[in-house]
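I've put the structures underneath this note.
The same chain A turns up in both complexes below, where it pairs with chain B and then with chain C.
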Partner chain A sequence: MGEATVTAVAAVWAVAAAAILGCLIVVAAALDGVLSARAQGTAGGAGRPFGEAARLLRQRRRTTIAADNLLWRIGGAGLVVVALLMVTVVPLDRWTLFDLDVGVVWFNAMDVTVWALVWLTGWGSNSAHALVGGYRFLAHGIGYELPLMFALVAPAIAAGSLNVGGIAAAQGGLWFVVWMPVAFVVFCLGVVAFSVWGPFAAALGADLAGGARTELSGVDRLVFETGRYALLAAGAAFAVPMFLGGGSGPLLPGWMWVLVKAVAVLAVLVWLRRRVPVVRPDKFMEAGWLVLLPAVLLQDLVVAVVAVAGG
Partner chain B sequence: MAVDVAFWALGVVATLAGAAVFYVDSMARATYALALSFVAVGLQVLFLHQSYVGVVTVLMMVMEMAIMAVYMVMFMGMNPALMPMSMVHGNRVAAAVATGTFLLLAAGILVVDWPTRRGAPAADVTAALGEALMGPKMLVMAVVSPVMVATIVAGIVLAAHRTRYDRFGDDLGRRPADDPQPGGVGR
Partner chain C sequence: MGLARRGAAVGLKEALARSAARRAHVLLVETPGHWRIRAAAERHVHERGWILARSPADADVLAVCGPVGTGMGPPIEQVWQQMPGPRVRIDIDDEDQVEAALARAAESIADTAGHLEDAATRPSGPDLLSVGSSDDEHADTDHSAHGGGHEGHGGGHEGHGGGHHDMGHDMEMAPHGVALAEGEQDRDGLEMDVLRVRLGPVLPHWPAGLVLRCSLHGDVITGADVELLGGQGSDADDPVARRCDAITSLLALAGWDDAADQARLMRDRLLSAGTDDRAVSDVRRLHRRVARSWLLRRSLRGVRPVHEHELEEHRLPRHLSGDTYDRLLTMVERAHRDLVTAERSASDDLPEDTRSDLVAVDAIPRLVQGLDLATARLVVASLGLDVLHAGRQVSHG
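The block that comes next holds the complex of A and B.
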């Protein structure tokens, strides 16, 4: 479709990128509020997350004995930062903040950082439940991370590039989601997992009194929860150039297509929360290594054969 | 100018975070101080236009330190590492060896007659680096990988106290296997 190459914009546009991510967070939170209200048999609910935010802003901060405050705060506040760093490499059609030649690896490095941050959140409060939650997340991580990495490999092989803009431009004729559906599904699972969301929320489970976030209160809790939505939104936005053809689409301008697709993916991921039960980390380990990993490796093989034969 | 400042600032961060590993009194802080040191080095590598190497350094080291924190806390023997503890032992010998090594290496840096650059860097320095490191030895590298994996698997098989007879019974006919940790796919 003759897409223009991606151009890097000035650093001040990072503010706009952060604002867009903020809008996605608001959309996701409002949608979750509506779904939550509907699950309880009532209408409305879009305002719920904002009521909760207002409540948390006024809540007094809880303190624990011998807490490692430095690591605790880094863990809780880090999720938002990581999500912001993720979207720097996601092109909005023709514009990107950071035109890195290895953008895919950058995204991967950022999502691995979530391992450290969730564990630090669990560790910092010096609370047994929180620490168990942190360990649960790492146990999930060992199950989901390798399939996620190999899912990211598939579009990179097909495009012959690790540059996110290059991968988006390589889908002129056919979106990657069409002929690498396994990689797309595993990628989405990975996004849900590193956002500690829905089926992968065991680390924050009610059976652990809230898991890694047990002792988080007030603004700290608000920032942590915002970070989870931000990761979900950043992951959904990253799926657009990787699998969904970037800004290509009829009628609307490219940048708007990117946003429409990102919101669509995000809505499905939010909706999944109440549709899929939480998976136990120990059970998911085998599912990840014996089902997802071979499946996504086969997908990579197919993509590699097609790329070699076609190129 | 700004690039130079950032590069050297990252170097200072890497060095100080590395020193903090021995100064702090908590396993978690020591582990993540080391992670910060590696992240700063990885970002420095970005300035050398080795984007892939730099970003992968950040990726691998953060992941490794996340796992390492688990092992450190799990296996720290009598002191369960949940309490404040010293990160050093054998201070005098260690300090002497460290000072000696530093002086030796620093003297080496200052004394060596560094060559001047001939020619220009390759267009893709990452590919050039890979070629220089592994090019003529690719067969060895390709053979070493499966041998290493086989060694790891064999080591675990030899070290595990449960055998297939414990899992599947004496005639190897029991399904599903009797595992202390139930699997997720119903084997």
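The block that comes next holds the complex of A and C.
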């Protein structure tokens, strides 16, 4: 691990990174469309994201009485920005936009800002249901954030580095997912949670008439929904260097392996939504602190012992 | 060059309009006694590949299912004013009209010129609010949130409840025409802001015509008044399909779209094909899925248990005993039992008469008191209010 494992590319490549993220978003949304259509007893559905986008582009933006417009719009538009910032530290095999020594911490910092953004979306519209939705997200956050942080710690301990490229390179023989499955599962749950997705979509629930996004329409809703898919995609992409050996794999070039693995994780996360109901935040708090946190700490301990013994 | 560009822009606009019409979101309003129209509308919405909207902000089409009864007009109008546009309203008075009405809506959505005109002639937020405050007697209908707090143009932290604690309408107490939250003692004796939020009558997965005016401390309901709008419901036929409908609502509110869709498809089959072997196996499959879900059990277990003495006190039917999870399973089991007995056509051994299904609406405030807003929705849905008993209309919880 002496030499640099990844090279930082010029900033213009950020456009390509955004395009790749955009493709992942479309894949995720199309898959969800197909699965939804099937559950509703109709065929097709792959075109849903395009129709939905067209509809929202045509729809008028709306505001509410005494809305906190600035904060409301920051919250809604912020998710997609955060997702873009997340993928800057995800190496595409040998290339990365931002070869940060503390890439893992960067990712973690980004996912924490989602707390503020979802809450602001709920707060800004000055509407009871939206605000309750915003607070529900914080309640989930208290349950998932610490387990997620400690799940990110495990690969970092094993690789002895907080650099994402370094962590990917440290999995030469054995992918981290194999010997730290608990951390991987908890990480995936964290991704689902900060994307306000599936079991962690209580903040946007039907029981709150749409929760934090109740009052969003038109392009504001489009940006918010895109942001959720973008976070899901960025989280899935981050799992690749952290747990799934980065670009390693037979036959295909490394960069393609990264994409294949990211799409596979993303597909599982999208599919998960169909399988389970929403976890009510008050119930999840208990599970997060009494089950996930001890489990992932134990995982960290095992990883640390192995790292010390092996090193 | 200029012409070509304009032509391209028009083409793009038309393409957008056509795509949008293929993916319309429909907000359904059910008036009491007309759930079958709403059920048919849901089915056709899905068949078209359209989506059911959750709030006015999310909706392109407002579909009023059933004739508009007493008191339902103003709330529906308020929701209409909150829709962003392009917006289309359709009124469906009969099950047979559903398909044609939706087809008409699809055409209207694509009519860009009409929508531009609509947008230009819409009243502004302040206009809508001033209409509300000029009529003090109806201050709460006009000011407070409708459709469960999607207030949109109607105001944010919604107005005070109907007349009590009236704080006047001067601008100091009501910035932007919306009254400030009042203070009140919380359960721990500290002062807490109190917000009045109205649930219903335009609210998906909510009993038709039911209005619950809640006082909220934070998101906890500390008291509620109940009212039934739009006259009495009458179509209590197809009890099994009706029960599947209630199951659909509860599962949808619990955030399990797939299971909710399964229950809805079952309901639609029962309505169109009647009861047969397939229906029995369908309901068994649903029961297995619901009973097996560990997460659902964890979510609904212990949510607002109804004890023996409460059944007596509120004159509630026996099958509502237990917590919300019990009530969900009971609903599925009752649907199953009804199907099996219908198949055997041995109707003589029905253990309960229909009268015991009547739920006194004035029990609802007591049942939701102390729950948070979202949990209250689950509890109301778990009652499966197919037959609402108007009785005494208002009580204070």
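Note that in this section the second predicted complex is superposed on the first by the 307 of 311 C-alpha atoms of A that agree within 3 Å, B and C clash if a C-alpha of one lies under 4 Å from a C-alpha of the other, contacts with A are read in each partner's own complex, and residues count from 1 in each chain.
By our rule, contacts are C-beta pairs under 8 Å (C-beta built on N, C-alpha and C of every residue); 3 or more make two chains touch, one makes a residue touch a chain.
The structure presented is a predicted model; accordingly, all values stated were derived computationally and were not measured.
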First (chain B), second (chain C), both or neither touched by A:Lys283: both
Which superposed partner A:Tyr135 touches (first chain B, second chain C, both, neither): both
Touch count on chain A, higher of chain B and chain C: C
Touched partner set for A:Arg274, first chain B, second chain C, both or neither: second
Chain B versus chain C as contact partner of A:Ser217, first or second or both or neither: second
Touched partner set for A:Cys23, first chain B, second chain C, both or neither: neither
Partner chain in contact with A:Gly41 - chain B first, chain C second, else both or neither: second
First, second, both or neither for A:Ala209, with chain B first and chain C second: second
First (chain B), second (chain C), both or neither touched by A:Val102: first
Chain B and chain C footprints on chain A, overlapping residues: 135, 279-280, 283
Residues on chain A engaged by chain B in the complex (per definition of touch): 68, 70-71, 100-102, 105-106, 108-109, 112-113, 115-116, 119-120, 123, 135, 138, 141, 145, 162, 279-280, 282-287, 290-291
Footprint of chain C on chain A - complex, ascending: 36-37, 39-42, 44-45, 48, 50-52, 54-55, 57-67, 125-129, 132, 135-136, 199, 201-202, 205-210, 214-218, 221, 273-280, 283
Of all residues in chain B, those that touch chain A in their complex: 26, 28-29, 32, 35, 51-52, 55-56, 58-59, 62-63, 65-67, 69-70, 181-185, 187
Interfacial residue positions of chain C with respect to chain A in the complex: 15-17, 19-20, 22-25, 46-47, 49, 54-55, 57-58, 60, 82, 84-86, 119, 125, 129, 145, 147-158, 175-178, 195, 197, 203-205, 216, 219, 251-259, 261-262, 264-265, 293, 295-296, 298-299, 372-375, 377-378
